[in-house]
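The following pair of complexes shares a single chain, subunit A, combined with subunit B in the former and subunit C in the latter.
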Partner chain A sequence: MKEIVIMSGKGGTGKTTITAAIGALAKEKAVVADCDVDAANLHLLFSPKNTEAHEFVSGKTAVINYDKCTDCGVCRQKCRFDAIDFINGKYVIDEVACEGCSVCHYLCPEKAIDMRDNTAGKWFISDSRFGSRFVHAKLGIGQENSGKLVGKVKAVAKEIAEKEKIPFIIVDGPPGIGCPVISAFSGATHILIVTEASESGFHDLKRLVELVEYFKVTASCIINKCDLNNEASGRIEKFCNNHNINVINKIKYQKVFYETLQQGKTLVESDDNNIKEKIEEIWNYLKNME
Partner chain B sequence: MKIAISATGDNWQDFTDTRFGRAKGFFIIDTDTAETSYIDNASNLEAAHGAGTSTSQALISKGVEIVITETVGPKAGEVLKSGGVKVFEGAGKVTLKEAYENYKKGLLKEQEL
Partner chain C sequence: MKIAIASGKGGTGKTMIATNLAYIANLSYPVQLYDLDVEEPNDHLFFSTPLGNENDVEMMIPVVDEEKCTHCGICTKVCEYHAIITLPDRVMVFPELCHSCYGCLEMCPEGAISEGFKSIGTISSLHQENINLITGRLKISESATAALISRTKDHGEEDNKLIFYDSPPGSSCPVIEAVKDCDYVILASEPSPFGLHDMDLVARTLIDLKVPFGVIVNKDVKNNTLIDNYCSENKIEIIGRIPLSMEIAQAYASGGIVSKAVDDMDVLFKQILDTIILRAEGQQK
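After this line comes the complex of A and B, so read on.
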């Protein structure tokens, strides 16, 4: 079983659009996992059916038990996140500011503060309209993606792939290089980087490549919108060559990207044979990779 | 000396866990006494953030000197290094017994932290 994780470093490079198109070609040969849960939108193109929903519990929030609280104020003094207000003669937890560190819970002399599990969002197992199994998640407002959620979505995808003997896992990875990205690297057999020909695209690509080298995973790269800045595109290509990263495709900036999105379709469902061929080349490369 | 293998169970026949920070648990081998034990890692597995660093801390406080796993991330690596722990990587998904044998045969590479 191969686990291909698609990453971009920078947001907005076309990573999800390309992931969706690859997923549409892979059909029942892949379990597709959407780990970009801050901006989960693969489901818009995959029209999931037969969805099975689960709650995602992550982190904790302090809750004051007013039967025990003696208004001593220790919690407010010790909270370094200023998450405890004093309103109308009583101490009140600001749930948005509370980081769930538990210091108030430990230090309250009356043991009046409990830590409650947060329901941070939901995760789902579905069937996509392309015949692939699809694992995705949705975070609540103000909740952030975490390595824990990425780990969960990937673990479920892996379980399905093992049980149903599906040869590929295609993961839409989170942007950046932080905790969720580290979690997405874990267990990956190949990283496909989708970057764009811009200064920020190149800058974030370099940070991502540092991680690729740290984890010693093989990687390949697609330069999207390569004609936005031909000079930057050239530099990206050279950089990739110097770091043993195969630039497997360069894609010009083109209307078909947003036209298909507006219609709720993937790139391979457009009438544009040129882009279809490019996506097929990419999928063939990934499919036949050692 | 204590050796920890990222593990999915507490028996030699159980499998390794390819994750480090979010491993299910750690199988500990004390090479001085030949005794084995198991640390449940659920609390770190469930952490929203910092799973790798807190797992590293837990292993160091148990006196572990060698870790056998698939790979550790950069921050976990820093913590382990500062605690004098060596990491042998590329264990793969095998039984704990096989992972330990592979380590003893010198088939696993020491990860540069």
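After this line comes the complex of A and C, so read on.
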């Protein structure tokens, strides 16, 4: 089984649009997993059905029992996350700031603080309209633990692929290089980077490639909007060559991205044969990769 | 006055708006611009002066004194992040999992744990004309994004300056860290199903946090009313529109300040700036 994770560093490079198109071509040969759990979008193009929903319980939040609290203030003093406020003569937990570390729970001399489990979001198993199995998730508003939810989505996708003997897992990864991205690297057999020909795109690509090298995974690259800045595109290509990253395709800035998205379609469902061929080339490359 | 620029979806023009507002504002006031997209900071690419004054940012991690340790396992029991594991003959610390809560250090009955430090990234700065840029940069393979954002915000003097926070994308903890104490938030959006979906997530987060905000429609196209409909249904003000244009995209892609490079964009950003200052003043805490 191969697990291909699509990443970008910078947001808005076309990562999800391209992932959706690859997923549409892969059909039942792939389990598709949306690991951009902070801002999941693939479901908007995949029209999931037969959805099975699960709660994602992760982390804890402190709760003060005011029958026992004597307003001593030890909790506030010991909290490293400024998550305990003193308002109108009583100590109050700031649930957004609370990281669930339990330090207040352990140190409260009156044992007046309990830790309750957090429902941090939901995850789903569906069938996409392309015939693929589709695992996706939704992080609760303002929740942390996106890295753990990414881990959950990937684990479920892998379980399905193993059980149903599906040869590929295609993962829409999160932007950036932090916690959820690191979580998305785990178990990946290949990273497909979608970058864009801009100074920002190049800067962010370089940081992502450092992370790729840290995890020692193979990677390939697509330069999207390559005509935005031809000179930057050239530098990106050279950089990739120097880092053993195959530039497998270059795609021009074009309206078909905008138009298909407005219609809720993937790129391979457009009338534009040129873009369809490019996506097919990309999928063939990924499919036949060692 | 503190103004954050957030987006939900990446690539909706957050950094373009932040750098252009900072540029327009700097013609009249001293400006402090914070690049809080610490995983992928880009603001400095739009300045000719290089970043300098680099400071290392560290977080506490536990250091175990094996002489004092009795391997009782209490540290392991209290750690919610599985960052410290007690074995029969030693204790192992996993710095990448540690949240620096000090729980193990507080609870160790032998006083065997003391403060050590790990580097999570850097904060650097540059000064150009009237703008002070302060950039947080997460170390590769580190995951303490929100902690570094918080430390970056604490950096530098703020008195009487107009402050802009270029926030990270998404809608989870790093974004909240960036926007939570702001007078006003600008939500950069684009009229696509993805843009709308992700903007809605952030809008709801901001309503929860009770932070006032308005929307800029970037890549605006005539007859596309996706964002307009949403905003009018939810009574959210649209404070500006940036047209979909190859010229703007190219100017930005080459690291240029769009207000300088593209005709009329300076007028547009000045109008946006005037509006947000009015809104933020009205809402000043």
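In this section, the second predicted complex is superposed on the first by the 288 of 290 C-alpha atoms of A that agree within 3 Å, B and C clash if a C-alpha of one lies under 4 Å from a C-alpha of the other, contacts with A are read in each partner's own complex, and residues count from 1 in each chain.
Keep in mind that, in the parts below, contacts are C-beta pairs under 8 Å (C-beta built on N, C-alpha and C of every residue); 3 or more make two chains touch, one makes a residue touch a chain.
Quantities reported herein were computed from a predicted structural model and do not represent experimental measurements.
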item	value
When subunit B and subunit C are modelled together on subunit A, clash or fit	clash
Partner chain in contact with A:Ser58 - subunit B first, subunit C second, else both or neither	first
Subunit B versus subunit C as contact partner of A:Ser186, first or second or both or neither	first
Touched partner set for A:Lys216, first subunit B, second subunit C, both or neither	first
Subunit B versus subunit C as contact partner of A:Leu228, first or second or both or neither	second
Touched partner set for A:Gly147, first subunit B, second subunit C, both or neither	both
Per-residue touch tally on subunit A - higher for subunit B or for subunit C	C
Partner chain(s) touched by A:Gly12 [first = subunit B, second = subunit C, both, neither]	second
Touching partner for A:Ile87 - first (subunit B), second (subunit C), both, neither	neither
Subunit A positions touched by subunit B in one structure and by subunit C in the second	59, 146-147, 179, 182, 211, 214
Footprint of subunit C on subunit A - complex, ascending	8-13, 16, 38-39, 41, 44, 59-60, 78, 80-81, 96, 99-103, 106-107, 139, 141-144, 146-147, 174-179, 181-182, 196-201, 203-204, 207, 210-211, 214, 225, 228-229, 231-232, 253, 258, 261-262, 264
Touching residues (chain side subunit B, partner subunit A) in the complex	18-22, 45-52, 70-71, 73-74
Touching residues on subunit C, where the partner in the complex is subunit A	7-12, 15, 37-40, 42, 45, 78, 80-81, 99-103, 106-107, 138, 140-143, 145-146, 168-174, 176, 180, 192-194, 197-198, 201, 204-205, 208-209, 221, 224, 244, 246, 249-250, 252-255
Touching residues on subunit A, where the partner in the complex is subunit B	58-59, 120, 146-148, 151, 179, 182-183, 185-187, 211, 214-216
